[in-house]
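Below you'll find the structures, each written out as structure tokens.
Paired with chain B in one complex and with chain C in the other, chain A is shared by the two complexes that follow.
Right after this comes the complex of A and B.
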């Protein structure tokens, strides 16, 4: 359902089935709704079997990068004599994204179950759930769910009575965007400053506490119990027939200038046009969509035409000038000053840059200053060229992609909506000139 | 190391073979290619944050940070390709947008890597038109002052304090372009090795209070030397301006001090510039010390020694060569010699094996021992009544100078003329100090290292080995000690521990002496 709106019959409700259902929050209610059946089943399988099923299902990372989950899990070599760790990235801080929050608020046990299965599948006995600092309600519910799960013997040294050890620990972040980057998250978990680490070594080789680690998004892990319960083939059925690379359902968080913002769960490949106009109710009265950011603020901005042509899956968005990202749909209509929106996005990245890499530390702030100057009517046309060049310098040259993320909306904004920038530049602020005293 | 796999690659068209695991940046150095970099330093863990060392690696999708990318077989690396150059140009421009560009008043100007690389490959003009970030200058305690506006956040200082000094008082505070280096509340940069952050800083952000505004980098003359302030023998560079030592800085030597030098050593240079030097030979005539020319003074000294036993009280800051000749002089007359070494606390640099400010606060105690001198806290005890006391640059500070009275005559070979010597000395021969002559020291591990002349000796003062060579000649001992090299080679032929060494072969990295002490790297 388009939570908090009434469900729409074109949604494919799997993960969001119990959003708004207060009884699903507690363990008893969750068990009545089929909870922990998959975990019981998983603990009876070998880790390799679970990885095989997940690989077969085509599940890809829902945090933004879209890396195949089963393949990621297969990087973890069982029996290497080292402790393995699973990190669940619940630091959902990408502006425009709020799907993981609802998962943790309404179905915390689904995440506990997903973490437990994921940990077992990669040979880990410990899973850490790193929750964004601002998500206090989600944090409380996750803590309560873990407590219940331990009390019921679901977690612990004899998980579900199988003699296997699965621990799930909840950790609260301190409110930094960068801690959603996987290696920064690990640094933060270890008690260090949340700076992304240089890769290699990749987390699967040396991650949390220097040990092999897998890190997955909340939505990814929550999908795993459903895949185990219903089979890979069932999961693969969600998706475009002509695109087997994107499977399953995906939660989209919709915000901005639209009739019905909220969380929607649709099958991969759902037409974005129908999504915007039918499910979400289209633009506000008397307005038109102008620009759409479909995957959180880090992905390129789409024009209305591009958006209307996009199938909602990894490949469909790439073919239409953007990326699926985290599924945070930001809708901007024709009543907005788009440049101001982009400047605000840049300001966010400038604020959140960890300050390690030169291009990011200086580039995000420089970009912001230029954009804010343009918004204030002090810009020049050379500024646009400078912005594009800075954007080029900020892309693909740094440790993590925060810098790229800042450059992306700016570059795509100038490329696709240059007229908006130029209009602001032309409408130069007129400075008062003191009258000549004779 | 023979079992380490060797990797072949091509850097800027040159074939390079290096051990597996070497970074591209280090591999390039072996081919004579310096990849511009800021945060990378061979003595610190890799951070990979400045993004200055980006190079193009064929078949790689993105530019690679060469400091953090290991070499691979068959790799083809382009350092100066248009793509790599464009990226570094971008980094330089970004580093400069908030930089005050105050080179004319910055101490680092002339030896600043930001300046150098900007001239080398930066844009001629910046495009930044907005207000610059401002942070006030902060006193970091110790000898260090932090000019935040010039900082490029390379974090070398933070990593040095964390990983080498093991005294993590520095950190990056704030985020984004507000970031700056900060000390932890209540902590100062007072670690005994903290001064190294000044050398490590590639720009003018961390400056020495001691040398602040003393000289422009291009006004300094530089000489390779060895620190005389303890027995570790850290390799250093003596920097002089107008014949005055104004700064001592470490000179890398993998075997001794890596890249570092302690604050005690670095700041103990004022004695090298002493103004109360004896700069002319003196001979006692009619009860008073009168200036004389060298001929007269040397003859007088030889006459004083004639037929007497000489007891030599030597400074452990004299070179091996001088101590060798002093020992020769003592033996020739059937006498002996002693020395004492001022003591202090040992302060190790924890992150580097066998590197410390040593308790022996003099360079060449080991050399004095090898030349047959006796280490003693009461060195005058060995002086026999009626012997000729030869005091070689030892001021007898805190010793009972009355002991000198036992001597039949006193010859002072020194840089200064202490009060007791004005009354007691029969002949005074002025010599150069260790920054005014060349020679070798032997460090506590038995490593023989050369130091070169950094400035001119005052007045008529002469190099100490030269004076002693003359004195031996005047005493009928033959000669041939005209240079430090000749003297060292004679020493090597006579003193077993130095067998097989020759002056030119020492180079500027030094060589180990023979025997039990030849275990460099062992911890005392």
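Right after this comes the complex of A and C.
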């Protein structure tokens, strides 16, 4: 639902059904709402059967990459004699994204159940939920949920009385965006600095503690119990009839200059224009949307006109020149200095670069310096070419994509809003409506 | 604006040591009694001792309010690491304090989604009303330290801030005085 707003009748509420429902937080309330039925069912299936259903459902990774979850799970080979691990990526740090936070705050047992099923399906006895350190409430609720689940015999060495071992442990991060990158997350969990690792080897071959590992996002894992309960065909019905590649429901976090920010759950392929104006209430009084970033700050920025044409699924956003990403919709209106916000985004990446690759360490810092110089009214016309050139050097050349992510809003920003940059460079005032209108 | 991870070993300005233990005070071990038992339980969760490093550092910070060099050395000994290694990890993560901080450590999100909703005005109001005046510097009475922080993951509730472990959402410059009064 559009938490903290009441659900809109055009939402498809599955994962967010109990957001705001305090009774759903504890085990007793969660069981009354159908909790752990899917885990009981899963533990009676073979891992291969579970992977088959998830594959068939078309579920794809909700953290940003959109990799098919069942396929990812099938890379793991239960019974190969090695310990396997599941990592749940709950390091949600992509600016604009705050969906996993609500999942963990309101339905922590949904994630415990999703982790337990995921672990069993990949032949792992241990799942670690890596939660960013700032999510104190989510951490408390997840810790409490695990404790309840152990006390009730849901987790442990005789999970739900089946004799199978499933552990779910919460691991608290300590402040680093880069730990949301899967190999950095594994390093962090091992007690190292959060530097991403070179791939290959891929985590399914040598991941956490050097063993076969799968990393899944929170939202991906909480979808799994629903798929097991209702079937792959039920899940596939959410989506555009003409695009079978994106199935299910998706949580979108909405923030910035818009009437009703919050989390909304819609079927894949929902029209973005209706989403922005109908569900989220459109722009603030007296203002207009100027730029929209639909999938967290790492994806290409769009003009209002471009954005409004997209169906909200993996292929729909790509066809319109951007990406679904993490589903963090950032709306910037005509009362803002867009160049300043792009500079601020660059500063974010400069701060969060782990600094092991030169292109990223230097590129993010120089990009920020040049952009802030432009914002201060001290830019030159050559600066824009320099920024694009640096961006080129930062793309596709580093261990992880943080570097590319910094270049993306800069490159797309200059392409689509060049006039704003040039106006600042020429020290002309950019047209803005007064911010106090709201 | 906060400095980049590139430019420095940690997030904190040297600032004021008015609150908390001084580096020069003799180190009282953290991992004794219940805290040691807590760590021992944590160690059962991982196949390698080193994996308990972040949790161990959290225990130190919960106990002492910050992570001193002596505490790093203690953690190193307990987990069979070197103090230099532990410091390398501590300095990577922004949430471990390498210096004492104010009684109320206030982190304000100013990343783009909050920035477009007026986060910088919230920062200015906080600096004014806490008497800190400057980011990262603890107020003269030792009560407050204000820093800007990158995305807190509460973008729909701009402007969010954290006071120690507590999240406070939808803060505006107007609500700052009442917010500070409620902290005591």
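The rule is short, and it goes like this: the second predicted complex is superposed on the first by the 427 of 438 C-alpha atoms of A that agree within 3 Å, B and C clash if a C-alpha of one lies under 4 Å from a C-alpha of the other, contacts with A are read in each partner's own complex, and residues count from 1 in each chain.
What we mean here is this: contacts are C-beta pairs under 8 Å (C-beta built on N, C-alpha and C of every residue); 3 or more make two chains touch, one makes a residue touch a chain.
This is a predicted model, so every value here is computed, not measured.
Trainee: Classify the contacts of A:354 with the two partner chains as first (chain B alone), second (chain C alone), both, or neither.
Mentor: both
Trainee: Of chain B and chain C, which one touches more of chain A's residues?
Mentor: Chain A has more residues touched by C than by the other partner.
Trainee: Is A:396 touching the first partner chain B, the second partner chain C, both, or neither of them?
Mentor: The first partner, chain B, only.
Trainee: For A:193, using the defined touch cut-off, is the partner it touches chain B, chain C, both, or neither? Pick first, second, both or neither.
Mentor: After superposition on chain A, A:193 lies in contact with both partners, chain B and chain C.
Trainee: Identify the partner contact of A:365: answer first if only chain B is touched, second if only chain C is, both if each is, neither if none is.
Mentor: A:365: touches chain B and chain C.
Trainee: For A:97 in the superposed arrangement: first (chain B), second (chain C), both or neither?
Mentor: A:97 sits against chain C, while chain B stays out of touch.
Trainee: Considering only the touch criterion stated at the top, classify A:344 as touching first (chain B), second (chain C), both, or neither.
Mentor: A:344 contacts chain C only, not chain B.
Trainee: In the overlay, answer first, second, both or neither for which of chain B and chain C A:386 touches.
Mentor: After superposing on A, A:386 lies in contact with chain B but is clear of chain C.
Trainee: Which partner does A:255 contact after superposing on A: first (chain B), second (chain C), both, neither?
Mentor: So A:255 only meets chain C here.
Trainee: Touch test for A:57: chain B only (first), chain C only (second), both, or neither?
Mentor: Neither chain B nor chain C is touched by A:57.
Trainee: For chain A, give the residues common to its interface with chain B and its interface with chain C.
Mentor: In chain A, residues 176, 193, 350-355, 361, 364-365 are touched by chain B and also by chain C.
Trainee: Help me check something: in the complex, which residues belonging to chain B touch chain A?
Mentor: Spelled out, the residues of chain B in touch with chain A are 46-52, 54, 62-63, 65, 68, 87, 90-91, 93-95, 97-98, 127-128, 130-131, 133, 152-153, 155, 171-172, 174-179.
Trainee: Using the touch rule from the top, collect the residues of chain C that touch chain A in their complex.
Mentor: By the definition above, chain C touches chain A via 1-6, 45-48, 50-55, 57-58, 79, 81, 88-89, 92-96, 107, 110-113, 115-118, 149-158, 162, 165-167.
Trainee: Please output the residues of chain A touching chain C within their complex, sorted ascending.
Mentor: My answer: residues 83, 92-98, 101, 126, 132-137, 167, 169, 171-177, 188-194, 209, 253-257, 261-263, 297, 328, 330, 332-333, 336, 340-341, 344-345, 347-348, 350-355, 361, 364-365, 368, 435.
Trainee: So in the complex, which bits of chain A are touching chain B?
Mentor: 176, 178, 193, 198, 350-359, 361-366, 369-370, 373, 382, 386, 389-390, 392-393, 396-399
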